[in-house]
Each structure stands twice: as structure tokens, then as C-alpha cells.
């Protein structure tokens, strides 16, 4: 297979398909067994310094913040992270000094809310390295290839650009059409954490509405931590098996964390906590502010429930629910 | 500059963005202006415009401005709420008429930089990167680019980083690179005018000036030479009703359009 | 891209990705418009002699028999068909002389019911040609590649076998792992017909339970005819958009045919009509029997409702519903 | 031959198939015997065996024998009801412990023919083809093959068509062809005995004879030479309870097991 061009980005999380299978064979149980545990146990068992991590959801939507905070609390270091429209999660993990490498599709920004002071500061001062560039479809298809157990997925994006040159892709001549085609390598994150609407004790999980890329990510991560709004009975799952987005086979830990995506959105349940995000965006303009934020909201609390109390408790949560269902007006406290 | 007594520059841009879109077509949108322009188009001349979001929302009835292209508003009463794999695959297969993106820096071939200012490995300013932009610009049949502030800093001779493909380095370059045939930038919208691309050279070419803007202003606010047509049009202006929709129905907080 | 091995099977339904895009651009409307029509109109407008056709569902499950019968009625000829666990549909279309070429994953059998006398007779007498061999995953991924608008999907099946040698795949050296990898070419059927549980007038369709490969097939077929148990209001679709398996963009015709999968199963609605299948399997042992069957059940009826009356009417349909929900015992009238 | 007074040959085969399966594992099943054997295993020693169907059913509570591997019984109270893409991808990625297939013709390396008898292009007998068999045999960690009637017509020196890979032409041939490492045929079950494969030569090797069967009978019913172990075991026999389950709970009509 003659390679016409080769990206100079680091080939993060790629494994030979046989090695990937071998890892699955040795490490993923096929047993229907109780995998419930605390966030603390899940992170201490499955996240190691230096790991390549990936967070589910998209932007500020359906993010497992409970695991993000726990990674910070346990002071994990030298993590590489998938910047797959990773926004608040990546920003805070870089700001906290846990993540110092990223492969970037979309990072260092908060979409309409503006750019991310904390993580940009770390990149611009060389404390966080962007080891490869890609695009959102690029990441999507890295996960697709890995989920399928194949080394790459051909694609027609990333071609002709610096994004492609700084990616880990290779361009070859397609033997069917004779035209250049991009090959996107598989990505197997060492650990992924995905927040879902409901899950049974074995790890059979349902996600309401869009799956973004979590169908693929859940199936390709070497270790998968599910956080869930609620633990459902296995009978609930079996009643509507077509709703299962993630089967137990690929799951290593199940952690029940109501409101576990806060301050991010949980579709159909609660909207963004814009006040909280604005507070982070404002404080994180300086490293001192980052420390203030972390000592208050991460190191200063004993549980996710306590954290929610600090963020405004039941009154805030009820407001976020009304806001999700369009019964409160838009706000934008992060606007200058 | 447009007439500031009736509307501000950002409101005008949103209006122009909407005016470029067509009814009964699909548009794949990035955050901000592209969403607002699509919402306005749906509420005016293009009620059957189908908006596609990269995270999986297809054809929603947008109840308010989404802050993110993945949030629940993007699949509110939608036709489908699926996945990025689905949205990106349909795009690659040719089902997207318009791609619509904002940009930080652009060159004369419509190539975009949203990755870094300065060196890649230790940048002066780190920007978010491609997101779905490289994908949309690779796959959509016609790409619309919106740059809120045209200036010598945003219309540049050489990009610091080519994040997202326009016509690359000119005629046939996209096809030679392996990008889908017949695709590429279609319109560029700034606070000064509407641009297209010269058929032969694939270089940026003025189509119309916004009311009150002169050719010299366009030229001064660019590092590269902008091609001129035989006849320069004047851009249309929004009606009071269109302004009311923008201000009251789409962005009442002024998140994108300002106050 | 050096090709190590090349299958000698006919490359059915492959198009250069640019040609495929161009076809979409010119022929697929993006307009939300009423696409309802009769089976007669749908077949006469969208199925041409010589086309490469594909049927949705799997085996005897969720098959658009209304379209199969209409193709026979309109005497379409020289069709090639995707034998993607195509069972009753392919058997009867080959037996009726409409299909004379097939690419085969699984065909000419009725799973536990035994082999297919009609279509086997046509193959063994040279009247129907098997132009390529593949496997079920092979077809699945042919459709996946086409749906994605890429020329091929890499895979690790079909290697080392005659199935591979008689396929349209190419084996190359993977530039990432250095190992041989199979490349499965995209397949764009000229027409596909898929039976669904509900669909609006624009073509937004919901399928209950397993999708088999219809997610991919619906998105890659050049023309797509949806038959549906019922037409639903667009508001019903928009209420639960996550249930939409097929979006209107890819749909060309919507045909309302209650019980349109008979004698095949419609999951959650009605089970196989084993009596009818047994009658076909018995009659189709001779060409005369095939003609008898067709003149009675296809040419002899004016509508699908009339056909259902012939098959046992309401009493039979109510029985099939009870059988689907396990309230009637198993039967196997085709057992010798 | 097994003792025909208590059970027929097909019932015995189903029982032996079940006995080879293990608890807390996944098994990807073909139509017929493999499903019945898995159902019996679940009802006896392997209650947590997870059955996977190629059309998308994962871990159902099978209420009765499915006639097809895609029908609603295959996702009855299942863990997931998804798609072929999902089932095949999980398999290719290594999540399947056992593949379980029936076959028409097999050679000494466990390669299977279910495509044609005679020439491919104008066959004496056309069979259904691979279906999911080539996939299962390529992807499953350990492949179990069931051949209801071992004879010189089914155990052949040379297959008319190699539909589904066993060890191809011997040691390392799978890896050389690009098939997943460490996979391949594990057990072959016929009416006469249970077979495995020789570690070094990858050729078929007897493990146990069914009660009442002699080595000569095994040898006579094969075109190729079957390797013999130092010690030949005797296959176990089903209990009355196991027979009751097979006859009353799993296949009361005798579709696969006969009457």
C-alpha cells in the first residue's frame, strides 16, 4: 500500500487489531455481574497516570463531570485527552494540571461562550502539548475503526490541509477509484467515561436522544466507566432492548450520580448551569482563580451531592429543569 | 458600513447570511451566525430549509438559539436525532447543499484558519481547531463563510495554519488532493460585502457591497487583492420585520448579535 | 496501494464516490414533500429492467413483500439482487424469472425450513447466475461504505477462502499494521425496498427493534421505496425523533401496506405465516407449481388486501398476531 | 452409535453441543443445532451464557426455538436489539468467545463448504453460501462446528468450495492470510464423536467417541485420516432431565431434533 502522504501527528491510542483483540480477550469480562461502584473506586481502579482518556457526550452536553472532578481529586497526571469537541471537561482537566497532551478536533473553546482561558494559557505556555490535529468526523471515524476492530477507516476529509498534515492519517491511492483517499487510524482510548440516562448494574446503558459518537466510543475504549442518572432494573432494560446504546460487555464500572453532568446539559432532564460555567470562565482567567475554583468545588466537597448544594441546591436544579423544557428565558452571564 | 441607525453590523451580517440560503435545501451549520442566519431564513423565505447539526440533530424546529451544536435544542421536534456518524456520513455521501461556517482567518482561495495564530507547537494564540469545519468544508456542496470583521488581520495572504479547505492553492487543487468533486467555497460574507469566487482562478471576487461601503474600504481591509466584477451590486437591506425576528425571536439576549 | 489479491466476483453496484455524490445531487430531493403513492406507481417509476435491487429486513423478517409481488406483476426482467440473507423474497423473484443474477451471502435457503427448490433449480440449470460470493458482514459493510460515501471498508473476514476469491474484494497490505487486510467495496443498489412499522408522508420512517442492516441500506440505495404498516403524522415522528431510522432525504416513495410483510414476520406485530410459506415451498418444487402459485397469489389479485383475504383473511391475521406474542404454539408445516 | 432407546442421534448431538459451551461466555450462533445447544446449556450448566445473533439480538431470554437468526425471538427480553453492524463489529473486535456453526462439508483443517457441490458457476447442487459463517469463523475466538451426519461425503479430502475458514492449509495459514491471531476451529461434533485439532499440525484429532461407537467407524466415515489421541475418551450422555428440556421446552415440534 503506497503511502502518498503521512501526517506528522502522534498516533495516539492506535493498536494493531490483533493486540486490541488480545487485550479484549484478557481484560473484558463476558459475565453479567454487578459492576456498581463509587466514582472514587472507578477512577482509582481504571485511570492510570499517562493514560489516553476520552469523555463522552459533546461540548457541554451529557458529560460525566463526576468522573472529571474525581480525576482532579485523585491528582492523576500526564494524561492525554481526546479533544473531540471536548470543552468544559478538557478545559478544567488541563487547567487542573491532569491533562498535558491533547489530540484536537475542537478544544480550548466553549462554543458561543468564547474561548477557554485556562487551557489556552497552558497550551500557549507550553505546559500542554497538542500532539495531533484532526476534525470531529476524524475522531468519530477513529472510534468507528477501533470499534470495528480494523486498523483504519477511509475518508474524504482532512485532505489538502494542515489539519491533515498534523494528523496521524495517511493518504494512499484508492485501489478501486484510483484517486487519493485519506486513511484515518483507529483510536482505542485507555479509558472513557460516559454519562447516561439509565443503566443496570451490569452496565447495559440507555441514552435518550442523540448518541453523538458514544455508540462507537463505548465499544472501543479499553476501559469504560459509565456514570448514570439512575440505576435501572435489568428488567427495565430487557423490556425495550432496542434502547440499549451500550451493552454490558464493554463496560467496566457503573456509577450512579444523579445530575452527574452538571454544569453541563443532560438532554431531556436539565439544561446548562450558565452561572456556574460563567464563574469558571471568569475565575479561570488566572491560575489563582483556577485554584480557587478547584479548592471550592472539587477538593472542598466530599460528594457530588455536596457539590450540587454548593452550586445552588434544589432550587438551582429545579430551575435547570424548567430551563431545559424552555419554561425559563435564555441567559448568558458569561457575556461581557 | 450599513446604516447603523436601523441595525448594527452583526444584525446585518445575520440577515445577509440568511439571504444567501435557499429553500428546500439542507444546510450544515457551525455555532453562532450560521445558526442564526438559518433560523431567520426559515422564518422568512426558506421555511423548508433543513438544518443539519454535526452531533446528530436533523431538521429540528428550533425553539430558541442553541448555544452548542449538540444540545437538546438542535433536535427539538426534529426529523431525526441520531449520531455524528450519521450526520457526517450523509454529508460525505453528498446530501448537504450548504455548509455554513464562521472563521478567524481566511486567504484568497477561501481556506480558513481556526487552529493557531503563530507557530503550531508553541502558538501565540491557540484557537479551538477544526471542530466539524474541515468536514463540512470537505463534504458540503457549497460552502458559505462568515467573517464578522474583515481586516488585514482576517483576510490574509498566508494563513498561519490551513485548518479547513477552501480551494487550497487554486484550480483543481481540491480534486487533486482527493476532496469531493465540484465542492468548495461559494460565498464569503463580511461586514463590508458579499463575495464569491472567480470561476477560472478560484480567487475571491466581490459580488456586492453593503450599503454605504466603498470598493476602497474592501481593498484596504485585506492583505490580498480581491477580484472585482464588471458590475458591483449593492447588498439588500433587512426589513423591520426581519430585524424584529432577529431581535425578539432569535437572539433576545444578544449573545451573537449584541445589544 | 499494492493489491496482493483480487476477488474475481463481479463488482456489482460499485460507483466512484464522486459519481455517487453527483447522482445524489441530481436525483435526491431535499424537499419535505408528499411521497405517498401506490406500490404499482412506485415500482413502475423506480424499478427498471436490469437494475441491481436489494430488499430490507433479514431472512423472513420485515420484508417488503408488497413490492416483491408488484415487481413480479410488472414482469421486470434481468434484475440482479443482493443475496444478503435474502430468502423468501429472492427465491420467489428468481422463481418468477425477474431476477437472474445474484451476489450471494445467504440465498437459496429458508433457514430451518430447508433449501429453496425454485431458485436452486434456476441456478443449477444456469438460468440464474451467482456473479459474486460474499458473507453477511461483507454485505453489511458494502452498504456501510456506500452510506459513508467512501470506496471501501477494510475488514478481517473473507480472507483465505474461496468466498473471498469469488468476491469483489481486494486484499492489500495495511500501511498501519503491515498485515494483509481485506477491502470490501461499497455497494449502491439501484433500488431498495424496506418495510417499516410507521412512516410519515415525507419518508421519515421508524423501525421497531433490530435494524439489521437497514440503517446503512436505506442511506446507500440510489432509489428507496418505503412500504409501511401505517402512515403516521409528521408530528408523531417529531415527538420522538430518536426513533427515526430512515430520514426523508433518502426516500423516494412511501407506500402504505398494512401486513405488507406477509407471509414474513413483522416484529412486534405478526409472525410468519408458516402455512403460506409451506405452500410455496411445496408448490415451488416444480416450475408448474411456481406458475400456479403466482397466478393465484400475484397475478390473480387486484390488491394486497385481496391477497390477504386469499391467505386466510382476518382470522389468519389475528392468529399470526397471537403467534407473534407467543400465545399460539409453534408449528412447522413444511417439515416432511 | 449412541443408545437409541433413550434418545435419537440428533438429540444426542444437541446435548453434546451444549456440553462444549461454557458459562459466562458469549456464543455467536448459526441456525438450528447451535441455537438449540445454547438454549440447553443456558437451562443447565451455563445460565449466564450470552447468545449473540448476527442480525442484532444480544443476550435474549429465548422463549422458544427461533426459526431464523433474525426473528423477534432472537431479541425477546434481550440485553440489546441493535444491528448487524453492531454484532459483526463486536465480533471482529474480539468480544465473541465461541462461534457455533452447522456445516455441509468439512476438510481435515476444519474448513467448511456451504456454497456449492460441483462447479461454482454451474453447480450440481447450490447451497445457501456463507451467510454469517465466514464472519463467525473469522472473528470468534473458538469455533465449534456441528455436522449431523459424518460420512465420506461430509468429511472430505478436498472441499468443492472453501466457504468458511478453518485452519486453511495448516499451521500459521490463518495469520498469513490476515485473519485474527489465535482464532480458529476448536471442536467438531458429529454423530460419532467429538474432535479437536492437533496443536502442531492443525489437523482434526479425535477427542472422544460417543457411547457404542468404535474408532473404525470414525475412520470409515471420513475421506481423510483423523488423528488419534493417546487416550480416547468416551463422550458423556444426557440425563433424563436434559432430554426432557430438549423435547418439551426447546423443540417440542421436533423441527431440528426430529420426532
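For the reader, a short list of remarks on this structure follows.
First chain written, first letter: the chains are A, B, C and D, and each begins at residue 1.
In this section, contacts are C-beta pairs under 8 Å (C-beta built on N, C-alpha and C of every residue); 3 or more make two chains touch, one makes a residue touch a chain.
Predicted, not measured: the structure shown is a model, and the values here were computed from it.
Taken together, subunit C and subunit D share the touching chains A. Using the average of C-alpha coordinates as each chain's centre, D ends up farthest from subunit B.
Averaging C-alpha coordinates per chain places the centre of subunit A 41 Å away from that of subunit D. Between subunit B and subunit D, the centres computed from C-alpha atoms are 58 Å apart. Between the Cα centres of subunit A and subunit C there is a gap of 38 Å. In subunit C, the residues that reach two or more other chains under the touch definition are 17-18, 148-150, 155-156, 179, 181, 209-210, 241-242. In subunit D, the residues that reach two or more other chains under the touch definition are 57, 75, 81-82, 92, 139, 180. Taken as a contact graph, with one node per protein chain and an edge wherever two chains touch, the assembly fits none of the named shapes, being neither a line, a ring, a star nor a complete graph. Chains touching one another, given as pairs, are A-B, A-C, A-D, B-C, C-D.
Residue ranges on subunit C touching subunit A, taken from their complex, read 1-3, 14, 16-18, 148-156, 170, 172-177, 179, 181, 183, 185, 208-210, 241-242. Residues of subunit A that touch subunit D in their complex: 17-18, 20-25, 28-32, 146-150, 204, 219-220, 237-239, 241-242, 244, 247-250.
Looking at the complex, you find that subunit A touches subunit B at residues 57-61, 83, 85, 104-109, 111-113, 115, 120, 123-124, 126, 129-130, 133-138, 140-141, 144, 155-163, 166, 171, 179-182, 209-213, 215-216, 265, 267-268, 271-272, 324, 326, 329-332, 335.
Listing the residues of subunit D that touch subunit C in their complex gives 31-32, 54-57, 63-65, 67-72, 74-75, 81-85, 88, 91-92, 111, 115, 120-135, 138-139, 159, 161-165, 168, 173-174, 176-180, 252-256.
The touching residues of subunit B, when paired with subunit C in their complex, are 24-26, 48, 50, 57-61, 75, 77-82, 89-90, 92-95, 97, 139, 141, 180-182.
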